[in-house]
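What follows is a pair of complexes built around subunit A, which joins subunit B in one and subunit C in the other.
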Partner chain A sequence: MAVTIAKERWTSKVNEMVIGVEPNVVKVGGDSTLPFLHFEGEMPNKPVVALEVWDMEPPDWPAVLTAPFAGVLGDPAAWAKKCVEYGAGLICLRLAATHPDNKDATPEEAAQSALKVAGAVDVPLIVIGSGVEEKDAAVMEKVGEALNGRKCLIGCATVNNYKTITASCMVNGHNIIASSPLDINLAKQLNILITEMNLAADRIAIDPLVGALGYGIEYAYSIMERSRLGALTGDKMLAMPVICFVGQEAWKSKEAKTEDNEEWGAQERRAILWEVVTATSFAQAGGSIFVLRHPESLKQFNTHIAEMMKPNNY
Partner chain B sequence: MALTGLEIFKQLPKTNCKDCGHPTCLAFAMALASGKASLDNCPHVSDAAREALDSASAPPIALVKIGAGERQVELGNETVLFRHDKRFEHPAAIAVSVCDSQSNDEIAAKVGQINKLVFDRVGQIHNVNMVAVGNCSGDAARFAEAVKVAADNTGFPLILMSEDPAAVEKALEAVAAKKPLVCGANAANCEAMAGLAKKFEVPLVVKGSDLNELASLVEKVTAAGCKQLILDSGARAAGGVLTDQTQIRRQALKKFRPFGYPTITFVENEDPVQAVVDAGVYIAKYAGIVVVSSADPADVLPLITLRLNVYTDPQKPIAVESKIYEILNPGVDAPVYVTTNFSLTYFCVAGDVESSRVPGYVLPVDTDGISVLTGWAAGKFTPEKITEMLNNSGIADKVSHRKVIIPGGVAVLSGKLQELSGWEVLVGPRESAGIPSFVKQRWSA
Partner chain C sequence: MPDFLVEFDPDGRQAYISEQDNLLQAIAAAGIPLKASCGGKGTCNRCKTLVRAGKVKSAASGKLTEAELAAGYVLACQSTPESDLVLEVPEESRLSEHRVVLDGLPAGESNAILPEDEGLCKDGECDPLFKKIVVRVPGPTLEEAEDDLGRLFRVLRKQIGADHLRADLETMRSLPAVLRQSGWQVAVSLTEARGYKAVGVEEVEPDGLARKYYGLAIDIGTTTVVVHLVDLETGVSLGVKGTYNRQAIYGDDVISRIIHAVENKDGLRELQKAVLATINELTADLLREHDLKATDVRVAVCAGNTTMTHLFLGLDPAYIRLEPYTPAANSIPALRAHRVGLKIYPQAWVQCLPGIASYVGGDITAGVLVTGMAFSDQMTLFIDIGTNGEMVLGNKEWLISCACSAGPAFEGGGVRHGMRAMRGAIEHVRIAPGGMVVDFTTVDSAPPVGICGSGLIDCIAGLYSAGVIDRSGNILPDLKTPRVRESDEGMEFVLAWSHQSGRKVDITISEAEIKNLIRSKAAVFAGVNSMLKMVGLPLDAIERVIIAGGFGRYINIKDAVGIGLLPDLPLEKYTYIGNSSVKGAKMVLMFRRAREEVEEIARKMTYLELSAGNTFMEEFVSALFIPHTDLSLFPSLQPQ
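After this line comes the complex of A and B, so read on.
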C-alpha cells in the first residue's frame, strides 16, 4: 500500500548568518524546513558548537568540568587554544571579570582580553558580557571596536541596552545577540527595535534565555518551535537563527553538580548527558548555535548532529 | 478532525421520522456534531453510514493499553504535532530491555535494577514503565522461561520481543494475564501473530520494512480483528526514525487510518552516550514507546526528565508545593526568601540561593503557579498572602530573626507587608540571578 508522504510547502526560511572572516567563516541558519526533515527542505548549515572561555578563573565549576582545562583556566588565550584542539568550531568568550561582583574589569581591560583571545585562535568569536545590562553596553562598545572587522557575534543585547550594542555592531561590522526572557513576542519586538536602527536582520541571533533539562527546557523548546514555524511561514522578525546558552544552564543544575551516588549514577556521565541532551533537544526544536562548556559534550553533540544531517529522503 | 453537522447530515436517512427524539434529521446531525447526541439514537441509519461516521468521529490516534493493574501503560489519543498547539497527552513509555541469552540470575538482577529506576522530582515520582524481553537466543522454550523470570521479578508490563510465533505463544501461555505487548508481527509472520494477539487478547506491534509495507500490514492485521496496535516503521538510525515518526504522526492527524496508532522505537546505537541522545530525540518526537538497553540511572534520569518536560501541559502553569524549602541546611540566622510557586520561578530562586553558597529558606507563596509580576498584577501575590505564609508555614520557629526578602519586582509591597506581618522587609534583586551578590552585600541576621 503506497503511502503519500506528507510534505509541508514552506514559503520562507531562516536567515543565514555569517560569523568570522574568510577563510574561517562559520555559517548558521538558512533552513527551509523543520530541523532535520531533509525530505521536505534544505538545511544548508548544520547546528554549531562554541565552547565557553572566561576572562577569569570560574569560581564555581565542578571538578568534572575544570579537569579538561587544567592549567589554562587562568589564561583565556591558552584556554581558547585548548578549546580549538578539542574541536570547537567557535569560541564564546564570556567577559565575567567585568561583573561588579567579580573583578569589575573596565571596558578597556575587557577589550584587551578579547583581543588576546582573537589573536590566539583562527575560529570565529562570540563575545558576551557579564549580564549586567548597563555594564555590558559600555563593555561591548569597547570590545566591538577592538575586534573591528572580525565579524564576531556579540551580546547580549536586551531591550534596555540594545542601542549601544547595536551601534557597536553597525560601526564595527559584527553580528548581535538579542536576548529576551522566554517570550516570543518580546523576542520579536527586540528584533524590530534592532532592525529599526538599520542593522540587517541577517545579523541578529535570537537568545530566548533557555533553561536546562528539568529546569524549564520546555518553555524555550516551544518558543523555538514557534519561531521556526514563523520563519518558515514568512515572519521576517522571527527568521533569525537561535543561539542557546546551554552550558551555563546545564552546569548549574543539581543533576550536573551532584557527585557519584547510587540513585543517580556517576556524575561525569550524568553531567555530560545533561548538557548534551539539553542541547540536542533544542536542536530538534530549531536551535542553530550552541554554547557548551565540556569538550566531551562538544564531541557527543557533533557526533549526533553528523548522524542527523545524513539525508533521509523518501 | 470532527465532522460538521452538514457532513453528518449527508449520511443520515433524511426522513425526518423523529424516532431519535429530534424534530428533523438536520437537527439530529447538529446535535451529533456538538457531541450532544449519539448515533445509536437513530434506528434507521445504514451500516455503511454508521461505519463512515464512526471512523470519522474516532480519535486520530487510538488509545492502546498495555499491561494490567496500576502499572498499566496507556498510549495514544494524541491530537497535535507541536506541544504548543495544545499538549501531548500520554507520555512516551520508557522500556528497558533484557535478553534471553542471559542467565536467569542475570535477568533477575537487571530487572531488579530496572525496578529501581524511580526518581522523585519536587515531590512527584517518575519512573520507567516497561521491561522488554528479547528472544536473542532464538529458542522458544528459553524465551518463555526468560519471560517468566522477568514477570516474576517486576510489576512493570512486559514487551515480548520475538518474531517467532512459537516462542511468543509459549511465553503468552505463561504471562498472557499480565497483558504484555507482543513485538511482533512482520510481513512473514503477521497472520500467526495476529491470531495469537486475538486469542490471548494482548496488544501487538506491527513492523513494516518501510512506511508502505507498514500500512499494508496494519490493514491485514486489523482485518483479522486486532485493534490494539503499536506501529514500528522498521527505521533504526536516528535520522530515519525522526522522519518516520514525523510522517506517522502527520498522517495519523490527517486521518490516514492505518497510522492511527501509537508507535514504538528502538535505540540500537552502539555508543552508549549516543544511545541516550537518540532516545531523547524519540521522546521529543512522537514515540509512544522507547526501548533502551541501559538501566544505568545516569542514562535514564535525563530521559525521564526530558519526557516530564516535553509532556508538561503548556496551558497549565506548573506549580511547586507551597511550603518551606531548606537550601543547604540553613540555621536560625539564615535568610528567608519569599517568591511564588510557579515552578520555574521557584527553581530559579532555589538555584540561585544555592549558588550564593549562603544557606537559606525559600517560601513559595501559593499563587496558583503564576510568576511574581503576573501574581502581583492578578492579586495573588499580596502582602496578605505573604503574611499568611510567614505566620502559618512555621518559618518563625525555624529562624531567630524576623527579616524577609521579597522579589525586587514587587518592592511596592514592602510597606504594607511590614505593617501586616511585623517582619522587616528587605527588597531583593529584580532577577533571581542577583541573589548571590545581594545576600553577600545586604544580609545579616
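After this line comes the complex of A and C, so read on.
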C-alpha cells in the first residue's frame, strides 16, 4: 500500500541572517518547514558550526580539549587560523579576559583582540563577552566599533543590557545575539525590545541558553521546537534563527570532564560524543548556528548534517 | 527573667516586655499602629523607632543611614531591650498618620449598586437578620390553657410564616412575667442564624419599652477594616468607619500573617487580638458618635478573605498555606458575639460570609453577590484587586474563580512612597515625553505625600509612553531628565520634588518597584487568561468587567489596559464598584434574598487552583511585559 506523506502547510518562515561580508558570507535560517523535512518546505541553508576561540588561555579546559590547539592557545589570531584549518565555518571569539574575575581586560583591549582575530581569518566572526551584563555592554560598544562593517554576530544581549549592544549593532552594521533563559516568552520579549529600537528582525539570533545532554536538553529542545513552530505560523518575533552554545555546556558536564576510567571508558571519545549528540539533537530541534569546541566534534557534526541535508526520496 | 517597662512618647502608652522580646512586640502591645511590611524580618525599614532613653541591643540595622543611627534610631523588629526604655515611634512609621476616613463614601466610589440607603427598606422588602416585631398573644382561658411559649409560637408562625421556631432559656425564663405585665402585647426579637433552620426568638419585651436595634456590616480586609453601623429598621448606614487592620504589624500580606500565626507561640492569639481590637475600636467610635450602647448592636455580618476569617475567629490557618491548601472551614455557622470577642450584645449572632477555597473567601462571595453576576445572562468578569487578586468569571449558568498573589502594591504597600487613596495621595499622573515634566493630581488636591494604586497605574503607563522605561520596566539609560537618577536601591524616577511635597522629601518610584508592579499586573492578567483558557472562551466573550478593590476613587481604566493589567475591552464594559465586600455584607444583613443568593453562589462557584499545572506560569511570564508579549491581545494599543 502506498504511503501518503502528510505535509503541513506553513504560512511563514524563519528569517535568513547574513553574517560576514562577500565573498565570505555565511547564511543561516530561511527555513519554511521543520528541520530536514525537505519534502515539505525549503531548508535553504544548512546548520553551521563556529569553533570557539578565547582571548586568554582557558583555565579549566581538559587536556583532551587543549591538545588539538597546542601551541596556539595564548594567541587568539593563531588559534583562529587553526580553527579554520580544522574546517570551522565561523569563528566565535569569547572575550573571557574581560571578566572582572579573570584579567578584567578593558573594552579597548577586547577590541584589539577582536581586530587581531578578524585580521587573521576570512571566515565571519561571532564575538561574545564574558557574560557579565554590564561589562559586556561596555565591551561590545568598543568591539562593535572596531569591527565596523564586518557584519559580525555579537552578543550576548540580555534584557538588562540590550540597549547598548543593539545601538552598537545598528551603528556598525552587525547582527545581534539575544539571550534569554529557556523561555519562549522571554525570548520573544527581548526580540520585541530590540526590534523596537529599529534593528531589523533579520539581524537577530535567538540564544535560548540551552543545556547539554543530561542537563535539561529536553527542555531546550521543546523551547526551540516551539519557537520554530511560532516562526512557521507567522509569529514575526519568534522567526529568528537560533544559536546554540553547545561547547560551553557539553564541556561543563561531568561526563566530559571525567578522565579515562574503566566504567565510562576513554574521556576523549566520551566528551566528543557528548558534544556531538547535544549538537545534533538541537539541529533536529531547529538550531541554525552551533558553537562547538573540539575539532573532532565539528567533523562528526558536519558529517551528520551532510547526510541530513540530502533530499528525501519521497 | 526581668520585664522591662517601655514607655512611648508622646503617646503616653506603656508596655512590658522581656529581654527576649523585640521592640516591635512592645509597640504592638501598646497598640501603636505600625506597618511592618516585611513581618519583622528586618528588611523593610518600616519599623524605624527612636530610642529616647534606655539601652537596646540591635541585631541588625537594615537600611538605616549613618545619621539615623547617630540620632538613635533602631529597627524595632531587630532590637531587644537591655533596660527600661522610652521610645518614640516617628510619624513616618505610623499608620495612624493617615487614619482612613471612610465616613461617607468618597465621590466616585459609588453606592449605586445598592438601593439608595435612604430608601433601602421603603418598600417593606427588608428582612434583616435581626428584627423586632410586635405581636398580640391571646391570653389563656380555662378552656384553652396552652403554655405561654406554645401560645407565642402559634401567633408568630402565623404572623411571619416560619415553620421552625426556637427560644432560648433566657426567653423562657422571662416569658410568663413579660407577657402578663405587658397585657399580652409584646415586642419579640427574631433572628436568623446561618446554620440554624429555626428562627430564633431571642428576647421578649413589653411593647413600647423595646429599644431600637442596630447591626454591623464589617469588611475584614488584609490591609484595612471597614465597619458600617446600620439601623436595621431602615437599612440606613448611620456611620461608616475604616482604618488599617492592626495586624499590619505582623506583616503586609496573608502569607506573612499565617507564618506569624504558625511560627510563634502566641501568634494566632496576637493576630486575633489585633483584628478584634481594630473592629471593636471602630465600633466603639461609631457607637459613641451616635450615642448608642454596645448592647444595642444585635447582629454582625463579616466578609473577609479566608485567612482573615480564620484569624478573626482564631481558627488554625496553617493549612491554607500548605499544599493542597485546605482551610479549616469555608462555611462557618453563626456564632455568638461573646464567643468571638466582638464587643456588642453578647448574645448577638456574628455571621461570616461563606468562602470557596483558601484564597477565595467571603469577601469574594460578597462581591459576586453585589454584582448580581450569578443571576445574570451576561458573561461577567469580576476582579477584586487588593493584596491578593481574586477573579470570578461567569454568569447564571456557572461561576469560576481563582486567586493570584498580586502583592500589596496596588494598595500602596511594598512601594516606598506607596499609600492608600487618602488625602495627599497622587492619584493621577501625566508624564511628558522624555520624562522632563510630570503633572499629577492628588486626593483633595493636597500637597503630595505618596502615591496610591491608581496613581501607580498611571505612572507605569506614563513612564512607558514617555519613553522613560521599556516594555520590561527597565529605566532606559542616557535620558536627559534630572528626574532619573541613581539611588542606593538602583535607578529611580522622581515624581514630585521635595519642595512640592507635603513631606519635604522627593517622592520617587524605583526601577525595582516598577518591575514589582509589572509582576503584580502580570499576575492579575495571567489569572484572567488562565480562567478563560480553562473554560475555552476568548477575551471578547466577556460582556462586562466589574472592578473592586483598593485602588482609590478613580482607576484609570485606559491606563490599566495600557499597562496590561486589565483586558483590552471597550471602556464602556467596565464598572468600578469600590468596596464590594462591605456592600455584600450589608446586603446579607438586610435581605433574605441576599442570604439565599450568597449561599447559592458559594455552592455554585468552582475554584481554579493556579499553582497546579503549567498554564499560569506560562501566562504569567508572557504578561511580564507592557502590555503583554502577545501584542495581538491588545489591539487597541497597536499603532494604526
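Just so we're on the same page, the second predicted complex is superposed on the first by the 313 of 314 C-alpha atoms of A that agree within 3 Å, B and C clash if a C-alpha of one lies under 4 Å from a C-alpha of the other, contacts with A are read in each partner's own complex, and residues count from 1 in each chain.
We adopt the following convention: a contact is a pair of C-beta atoms (placed from the backbone, for glycine too) under 8 Å apart; a residue touches a chain by one contact, two chains touch by 3 or more.
None of these values were measured; they are calculated from a predicted model.
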{"item": "Superposed partners subunit B and subunit C on subunit A - clash or fit", "value": "fit"}
{"item": "Greater residue coverage of subunit A in the superposed arrangement, subunit B or subunit C", "value": "B"}
{"item": "Which superposed partner A:160 touches (first subunit B, second subunit C, both, neither)", "value": "second"}
{"item": "Which of subunit B and subunit C A:276 touches, first, second, both or neither", "value": "first"}
{"item": "Three-chain overlay, vertex subunit A: subunit B-subunit C angle, C-alpha, nearest 10 degrees", "value": "70"}
{"item": "Shortest span in Å between Cα atoms of subunit B and of subunit C, once chain A is used as the common reference", "value": "5"}
{"item": "Footprint of subunit C on subunit A - complex, ascending", "value": "159-160, 163-164, 183, 185-186, 188-189, 192-193, 196"}
{"item": "Sites on subunit B touched by subunit A in the complex", "value": "82-84, 119, 121, 211-212, 215-216, 219, 237-240, 242-243, 246-247, 250-251, 254, 256, 258-259, 271, 273-274, 276-278, 280-281, 284-285, 296-299, 301-303, 305-306, 308-310, 312, 314, 343-344, 347, 351, 354-355, 433, 436-437, 440"}
{"item": "Sites on subunit A touched by subunit B in the complex", "value": "1-3, 5-6, 34, 36-39, 60, 100-101, 131, 211, 213-219, 221-222, 225-226, 229, 252-255, 262-266, 269-270, 272-274, 276-277, 280-281, 284-285, 300, 303-304, 307-310, 312, 314"}
{"item": "Partner subunit A, residues of subunit C touching it in the complex", "value": "470-472, 474, 476-477, 618, 621-622, 624-625, 629, 631"}
